[in-house]
Amino acid sequence: MSALPRPRWRAGLSRAAGARCLTALTVVLLAVAGCGNGARSDGGSGGASPGSPSVSPRSGSVTEGAGAGGGRALSGTITVFAAASLRKTFTQIGAEVEDAHPGTTVRFSFAGSSDLAAQLLQGAPADVFASADTTTMAKATAGALTLGAPVDFATNTLEIAVPAGNPAKVSSLADLAKPGVKVVLCAPVVPCGQAAVKVQTSAGVTIKPVSEEQSVTDVLGKVSTGEADAGLVYVTDVRGAGAAVRGLPFPESSSAVNTYPIAALKDTRDPALAQAFVAAVSGEPGRSILAAAGFGPPTTQQ
Amino acid sequence: MSLHAAIRLPDRDLDLVLDVASGRTLAVLGPNGAGKSSSLSAVAGLLRPESGEIRLDDRVVFSDSGSGRSQWVPPHDRGVALLAQEARLFPHLSVCDNVAFGPRSTGMRRGQSREAARRWLAEVDGVDLGRRRPSALSGGQAQRVALARALAAQPRLLLLDEPLSALDVDAAPALRQLLRRVLRDRTTVLVTHDILDAVLLADDVAVVEGGRVIEQGPTSQVLTRPTSAFAARIAGLNLVRGVARGTSVVTVTGLRVEGLTDEPLQEGQEAVAVFTPSAVSVFRRPPEGSPRNVIAAQVTELEPHGHQVRVRTPHLSADVTPAAVAELGLAPGTPVVLSVKASEVAVYGV
Amino acid sequence: MTARRRPLGLPVWVFLPALVGGAFVVLPLLSMLTRIEWGRFGALVTSPSSVAALGLSLRTSLLSTALCVLFGVPMAVVLARAQFRGQALARALVLLPLVLPPVVGGIALLYTFGRRGLLGHTFEVLGVHVAFTTTAVVLAQTFVALPFLVVSLEGALRTGGTRYEDVAATLGARPTTVFLRVTLPLVLPGLASGAVLAFARSLGEFGATITFAGSLQGVTRTLPLEIYLQRETDPQAAVALSLVLVVVATVVVTLTRRSRTVL
């Protein structure tokens, strides 16, 4: 048997080499995980992207985007971070924007507002942020992330959600405080829970929920399966939940009007397209699309 | 208690009948894979035969004629204890509790069962082992404890599956002596491949080959007058099978072996000629002018056998002195002539 | 401890991927440590909601582990020892929760024990309310943890074989005696590690609980749910509670590994 050579790397595995290895591993893992980083930086290089040479000449010849884009043809890709409740409407608005400005792509990341804000503060790359409440947007503004002042573009109010057939015969907010009625609310620390607290206070009603859920989706899930007799969620959530859930408006909901702000972000690589998207949301076609989904018009004036 | 076991297991090519009279020990001999252990498992109730019948005295513990009606008594209800090659002592119980397991399982109180365990440990000279863990025992000690454990269950039939084969040479004789003592009046089936076990422990022998009993009878008869090659080989005897011609046996290849008969044989009936290797002389050339049986053969193997050398040829063996081996220049492959006096050959019908 | 033997014949290069893999597991835990505000740590983990969540988690996990042992042991024995038609299918079905997303498990439980579920109506008539109760938490945890116990115990039973059980039967022991005095004691180490796995899985259960049981402090909001909720407003509290969960899990797993080496 021949003598084995000493494994030189073992002695020579310096801290730097180790770090390099780890970095390499991380890159591989991220690539495998399909992280959006690479795709976004491609988009950031706009028309020069090798992936979109065929659309460049077309976007050059089309000038109808001038109204929103300020005289310059728009192209490129933006990423919009938006509250989960905006999924349907924003996807629609995004498609409209892409149609109006051929050669542009609008990507979305939908999640809870505070999750998204946390990601942005950690340095996640995005061009536009739309939050389901002003408090969360204030965090982004405080972090100096936004490009200019946020614009309020929609409002949302609470509604009583009951399972189809309304088994507990609920008709008012006061009914939710009756013993034996199983009510599910959002936990007070999440925005929909804060709104629920507000309407209870202004109505002088104290609801004892059987569960304080993490999100609107969880509340709707418990109501639509009939586990709970009622829940408090937003009008738009009831609208989107289908036939299993019925919405009952109640007057006290006016005390907790939730306002949705939107802002372009400072780090955007495509301010023109980002602003164009913000304009499309706060003006037309956004206003009609949002209204159709049950959102109210913004109450505060900019 | 007597045992009658007719066991058919086509999967393992097993089809045999074993009978043990009350108080006797039957040794089941045979090459590996002959179906000996499967037969024991079937009697113990750990393996269900496809068909057949197993009776302990008059009690049917298994029967299945294949026509739908069948009977099955589970192992715990048969009164049959099995001692295998390895001791299989329960590793989580002390030696004493191992032995007490049988009495406890049949409803005896803890104190009483321990008392019984000590009695049975004394029976196998193992009183001082009681507090130990099984892992702290030698192979011989463990097998002795396993025997005590089997006996403590007060089985009416004892099954021993090669109980000595896993022991080293030093431990086996002592346990064999012990078995000789405890098996004396017990109904026992002993599976073994060791002729010594059969001679010392068994009243009767059954030779199993290829899943069938090919020979059985009292031990002394089977070992001195074997009718199968296997029994002859383990008895250390030469056996030539053929048909009777006068007082000789003629094989299908035309070989003729002359011998003595106890009783007259019918001409042409099946018969065997049996003789010991020490009765066989070895020559390089055919000897002249003597009334001997002469058989040409080729040496296949030489092995020490006591002070002598056993010369093996394909069918027969001869015992010669080491000096003779040197003188004749014997080695595997050497052509030789074997010769045996007719007066040393027993010929009998089968 | 015996003297350490140098593992022979191990190619030197395997240490590199092993090291990187190890770092991949340990680094996230370490980086969590760096984010903890130690000054507030005590206050964060002893807040009423944290204490309630930890207490609830421990109680429900112990209960569900007990249920897992109660039902899992017979299941494992049947799978390992009995022979019946459709055994392979039965095993696959029993192990299903292992590969199912817990949320799916929660939905399935909802349609079984929920108010409008398969058995829920019967329960309602009997006056038993499962939804939004601690019982629902225990059911969710048992559902996801049961396969862990069954798998590890069945493995131990198969490895052990039936040699000792056969001997016990020929010594006159009835099946029940064999089971209690031979089968169970011999697989005790396997049972212990299975129970620990089940406990750890129960402790970490999130998806099925939030889907099926809801979330209310002291009733259904277990530690993982509390962590997830705290994340919304106070990430610091979430990190601190995560550390508590990591420590509890580490202690449990280490303790049982040690007791297993002793056995």
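Residue numbering begins at 1 within each chain, and the chains themselves are lettered A, B and C in the order written.
Following the convention adopted for this analysis, a residue touches a chain if its C-beta (ideal position, glycine included) is under 8 Å from a C-beta of that chain, and two chains touch if they have at least 3 such contacts.
From a predicted model like this one, the values you see are computed outputs, not experimental measurements.
Look past chain C and you find the other chains held together by touch in these sets: A | B.
Chain centres here are C-alpha means, and the one lying farthest from chain C is B. A straight line joining the Cα centres of chain B and chain C is 54 Å long. Averaging Cα coordinates per chain places chain A and chain C 35 Å apart. Put simply, the C-alpha centre of chain A and that of chain B have 84 angstrom between them. Multi-chain contact residues, meaning those touching two or more other chains, do not occur anywhere in chain C.
For chain A, the set of residues that touch two or more other chains is empty. Of all residues in chain B, none touches two or more other chains.
Residues of chain A that touch chain C in their complex: 7, 9-10, 21-22, 25, 29, 112, 114, 118, 182, 184, 187, 189-190, 209-214, 218, 221-222, 225-228. Across the complex, chain C meets chain A through its residues 12, 15-16, 20, 23-24, 27, 110-111, 114-116, 131-132, 210-211, 213-217, 220-221, 225, 228-230, 232-233, 235. Chain contact summary for the complex, chain B toward chain C: residues 44-46, 74-82, 84, 88, 90-92, 101-102, 105-106, 149-150, 153, 155, 159. Every residue of chain C that touches chain B in the complex is listed here, in rising order: 163-164, 166-175, 177-178, 181-182, 185-186, 188.
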